[in-house]
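Each of the next two complexes has subunit A plus one more chain, namely subunit B in the first and subunit C in the second.
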Partner chain A sequence: MGSNISGSAYALTILSPIRNGVVPGQEIAFADKVRDTLQNWNLLINSPMTKVPQTYLCRYFVLDDVYTQSLPGGSALDTLIDFLPIVPDSLRKWAMPTEDHLQSRYLVFSCNFHGGPNGDVDGYLQGMWNAISSNIREVWGYCYGFEKVHDAASFATYMKQCQLTASLFFVGSNDEPLPEQLKALYLKQEFARFAVANQGLDAATVRANYLAFSQRVKPTDLNGPTWVPGQYRL
Partner chain B sequence: MTKQLDLLDIQGNVIRAYGRFGYPVARYVFLNIRNAARARTFVGKLTKKVTTATQWGDGIGQVKKPVWTVNVAFTYQGLKELEVPRESLMNFAPEFAAGMKARRDILGDDGPSAPELWDPIWQENRETRDKDVHIFVSLNASAPGWPANGRDLIETSYEQLELAWQWLKDIVAQHGGGVVILGGNVGDNGALLDYQDCKVVMEQGKPTAKEHFGYTDGIGDPVFEGVPYDTDRVNGRGKQLENQQWAPLATGEFLLGHIDEAKEYPPAPNPVLLSRNGTYMIYRKLHENVATFDAYLDEHGSKYPGGKELLAAKFVGRWRDNGAPLVKAPDAASKAVFDKQLAVADKEGQDELLCNFTYDADMSGAKCPFSAHIRRINPRASLQMISEPGDPPGSLKNSVGAFDTPGALTNRRRVLRRGLPYGDVKDRTRDDGNHGIIIMMLNSDINRQFEFVQQQWINYGNDFKAGNDKEILLGNHSVDDRFPSKAVLQVEPTGNDTPYILSKIPRLVETRGGDYFFVPSLTALRMIAKGLIDPT
Partner chain C sequence: MFNIAGKSYAMNVITPVRWYLAWLNKVIFYAALKIPSTLSGLITLSLIHYARWVIIGRNQFPHMAPEQPREQLKYSYMLFFSNFNGSWDQYVDSFTFSIPGGLDMFWKWNVRYSKSVALTPFHRYIQYNQLETQHYYNAYPLAASNDVKSAKTVKAALIAFDQELRKGTDAEFLARYNTLLRGLQHDMGDMYPTPIVSMAAYQLERRHQRHERQLQELKAAASEGGV
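Let's look at the complex of A and B:
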């Protein structure tokens, strides 16, 4: 079991290199177009990712380059050289770390989903394709190798080739399947309202009200009433 | 490894001086925002047409060279009106927030250069909200078909510029009063125009890179890392290394979000996508007093031992006719040799002759004076000068090894220069015509780069061991009897000549307006247009 599985939660990290090039008829690089498309999702009522079953949380971004933290080196050799003014500048500079850059720009997709105890990546990715294949084409269409993707199975294969098996977990989610979590959030919110509305009433009234409450919210029915995926406000 | 810039994300005017790429005319337009949401839609529409820094070509998958270009920038007020979040605004440089007018004391904009005398658009800017300059749009036009069409270059390119202007006016009109074009740019005969027009100075039907005093402008514009079409222009324009070689300056000196000469990222607002690949622009309208210049040059030219043209060259550090640097051609005889070399050199060879020099053999300023324009704007490695006991009076030499690199005192003060001359000189005996230059300087840190050069190197001379002598051409000179401006033209310390003192230098160039702008990347423009800037 990989470090990217925690209980039933799976941390999926995908880095897809974006091709160099210009969108025909527009003065915009492929990578900038990908970012623009993703940013347009902010203007929708909700993200297309809410249609993808079992998605806890996810994040997309375009990685332009690596960021340099600092250059002056921290190795023992550097320190020694700094203390010895006799060492020529050229040697001192030679000991400095070099500046690195990425060879390409990347689309990064970082996602936590309910994958069950065995981390069913294929099932999740195929579900993603079946739910939002047109959005996927729009976003991944400018990435290297995506031309081989034509159905749910080939999408899953492509994504696994781009996978980085790192454990990037978001905080704020437990192991349960998404419908369970959404129902739990709904119940928590409704119960808080119930408590406020019934404060100070006599026991018999509270009991009667609770019975009605329980029938209305149907605590064991995952189909509803419940929160919809992507709901983040009360 | 070699750095690759995302040229499609960088605005074209940051990387290209359009004048040098076949765009002889330009129109600069300033707008005021009246409705934030509609202004953002306007910016979105504009962004689709903005010219990037990409390499042009006619092949498949390449971007064709546009007939006319569009670029856009914002003042601090503009970003605020577009509702960029407060937390992002707070991280912009304080001098950018304050604006050029508020920095008058640092910039030396006094006397005839005072903001009270600027063009109305700039006088009224930052006084009342509805007159504030918020958005800058620049349109540069080329001349398709010229010279084969047998017509005038300026006329041909103005036809295209008119199309660009019409396009801009149309989209302003489509946005229902969301933005308005500000008037108040002074044109010919004091006319107030809705734009600032610029064009190259023509000589015998051919375009030149000259301004109205007759000097060639922009020869030594800096070259920095990551610009593919500047790789053969590094010598003399990048930074000087210990081994006598040149290297491109660090990208971060001119573009935010990249490592600068201090090996760190220049201060910039969050989020990174708002600032990365963007830069600050200093827009300045500089009026040229041609009559005063000619009269002063004539007066001293008749007395100066080297004659009038050499004196004119001493003002700037380059000869007026072909830009020959004084360091290489310090007198008439050496100039004749230089001219012969220049005449037979290919393009690259010409570039080497004009640009690839140092002040190592002119540390005492005998060839290129300490107050000459090019030595003040870019002292190269000449600032670490010392004199030791026993040296001849007036003699200075390079303090080798004083710093890590020869350009240590210069590399962080470089500024990209864009822009074009404006107006025509119809009567050289008068100062009050409509003629000067629009200069647009680009850098990552307005205070460290542009303002420092303006305050310390143009309007003061201490770093050059020249006391308070100002730069000869651009200095805010005064002929006031109490504090008359002067500059010293040095001579070889061991020779028999005496230094020539330029006394009572009059104000040759006057500021007529300007402000500080932020030039966002294409990504940032798209995000501003959508209202998606999120600093959290």
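Let's look at the complex of A and C:
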């Protein structure tokens, strides 16, 4: 039940358990070291994930523990049990949320990428390893079971063991390959500017300008000119 | 806190579900998957790039090595990950106002779910259960979800238009060009870096400024090296 695939987009959800304990020689827990490394990625010129082919959006965070809210809920049963004075304490406590804790902290990696209609997760993960294996080691190196990873294939195997299946994956955007999407965004930007610059000109001039525009932007050429992954400046 | 990358916001919400009711949640999601019309409300929220719900049984947390302690959880958990444009308030409120019934259906069996109406308890519920992202990457930080969708339309229209570029007179070309513009008028508009909408965006702006300085320093070092 559930699916990680919607159209050609793939929802990859990874929970990798981080080792308990501290980094030898440093007074920092393994999980905090992972968090620190991830936060340091924010100080780079751009994310290492720019190098991973077909990545639309992704996030990393450390799940320290699970949390349970004990505020009154909205269901009729909750409200009755919370407020009826005749409800015995034992029943009231039974209905209250129980405290729950994780035994390990988890590195959470949630990624949306173009996997094609069959969801090529192996291809994506191997491409990820080939592109940023040193960054992967920086963060996953502190996780249980990662010592078995030594190449792209074993990385894909490890990740799939840490993978969870989405119950529902909703794509509100576009599921084309990333180079297609980036080219389209580049064209949209350039064409909007072209349209503004050529308002009110005579037919021959617009045609000549459009021919030059089309030759410059090369609408069918994905290699360029185009936007680069993660581009945040114009 | 790095929940923002360009125009996108990363929301992570993890909520407990009574383990003996988690299957009901799965059935609801399965029904939504099989009957796409149930998601029509979500589709109207065009500010969403991608969203997912994941249910982990209390015994399904990955166990990767013998020395890793086994989880002993009392609840199963539902993970919700969303990528959307705009501010936190805009997003949460638009859910409440657009699809309150659907939202209640998805979270119905979660412990202490407040329901999506009224707004303030729902805000508190999300705030309490939301976790911060440490690193968020967006392949197109300059673009909103609507930009990505409309760009696909623009690209297809330009490629089709270029097929007949050299046909006919200039006047006929201009007529076709004007038709192209009329057809694309809802998909045009250029993109710019996001305005500052929150403290996180302010931090992002500071990061951009720092990167600008780093780039300038790199350029200066390169030019000095060249001399």
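Methods note: the second predicted complex is superposed on the first by the 199 of 234 C-alpha atoms of A that agree within 3 Å, B and C clash if a C-alpha of one lies under 4 Å from a C-alpha of the other, contacts with A are read in each partner's own complex, and residues count from 1 in each chain.
By definition in this document, contacts are C-beta pairs under 8 Å (C-beta built on N, C-alpha and C of every residue); 3 or more make two chains touch, one makes a residue touch a chain.
Bear in mind the structure is a predicted one, so any value in this text is a computation, not a measurement.
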Subject >> subunit B versus subunit C as contact partner of A:68, first or second or both or neither >> reply: both
Original post:
So, does A:191 touch the first partner subunit B, the second partner subunit C, both, or neither?
Top reply: second
Original post:
Given the touch rule stated above, what does A:203 touch, subunit B (first), subunit C (second), both, or neither?
Top reply: second
Original post:
Is A:59 contacted by the first partner subunit B, the second partner subunit C, both or neither?
Top reply: second
Original post:
Any idea whether subunit B or subunit C touches more of subunit A?
Top reply: C
Original post:
Once the shared chain is lined up, is A:32 touching subunit B (first), subunit C (second), both, or neither of them?
Top reply: first
**OP:** Check the residue A:22 against both partner chains and state whether it touches subunit B (first), subunit C (second), both, or neither.
**Re:** first
Original post:
Should A:42 be classified as contacting the first partner (subunit B), the second (subunit C), both, or neither?
Top reply: both
**OP:** Using the superposition described at the top, list the residues of subunit A that contact subunit B and also contact subunit C.
**Re:** 35, 39, 42-43, 67-68, 70-72, 98, 100
Subject >> Residues of subunit A that touch subunit B when the two form their complex >> reply: 21-22, 24, 26-29, 31-32, 35-36, 39-40, 42-43, 64, 67-68, 70-72, 89-90, 93, 98-101, 105
**OP:** Give every residue of subunit B touching subunit A within the complex, in rising order.
**Re:** 1, 3-4, 6, 8-9, 48, 50-52, 54, 61-63, 242, 259, 263-265, 276, 404, 522-523, 526-527, 530, 532
Original post:
Residues of subunit A touching subunit C in their complex?
Top reply: 1-3, 9, 11, 13, 15-17, 20, 35, 38-39, 41-43, 45, 47, 49-50, 55-63, 66-75, 78, 97-98, 100, 102-104, 106, 108, 110, 112, 143-146, 158, 161-162, 164-174, 176, 178, 180-185, 187-189, 191-193, 195, 202-204, 206-207, 210-211, 214, 219-220, 227, 229-234
Subject >> Touching residues (chain side subunit C, partner subunit A) in the complex >> reply: 2, 5-6, 8, 10, 12, 14, 16, 25-27, 29-30, 32-33, 39, 42-43, 45-56, 60-65, 67-75, 77, 79, 81, 83, 106, 111-115, 121, 124-125, 128-129, 131-143, 145, 147-152, 154-155, 158-159, 162, 165, 169-171, 173-174, 177, 181, 184, 187-193, 207-208, 210-211, 214-215
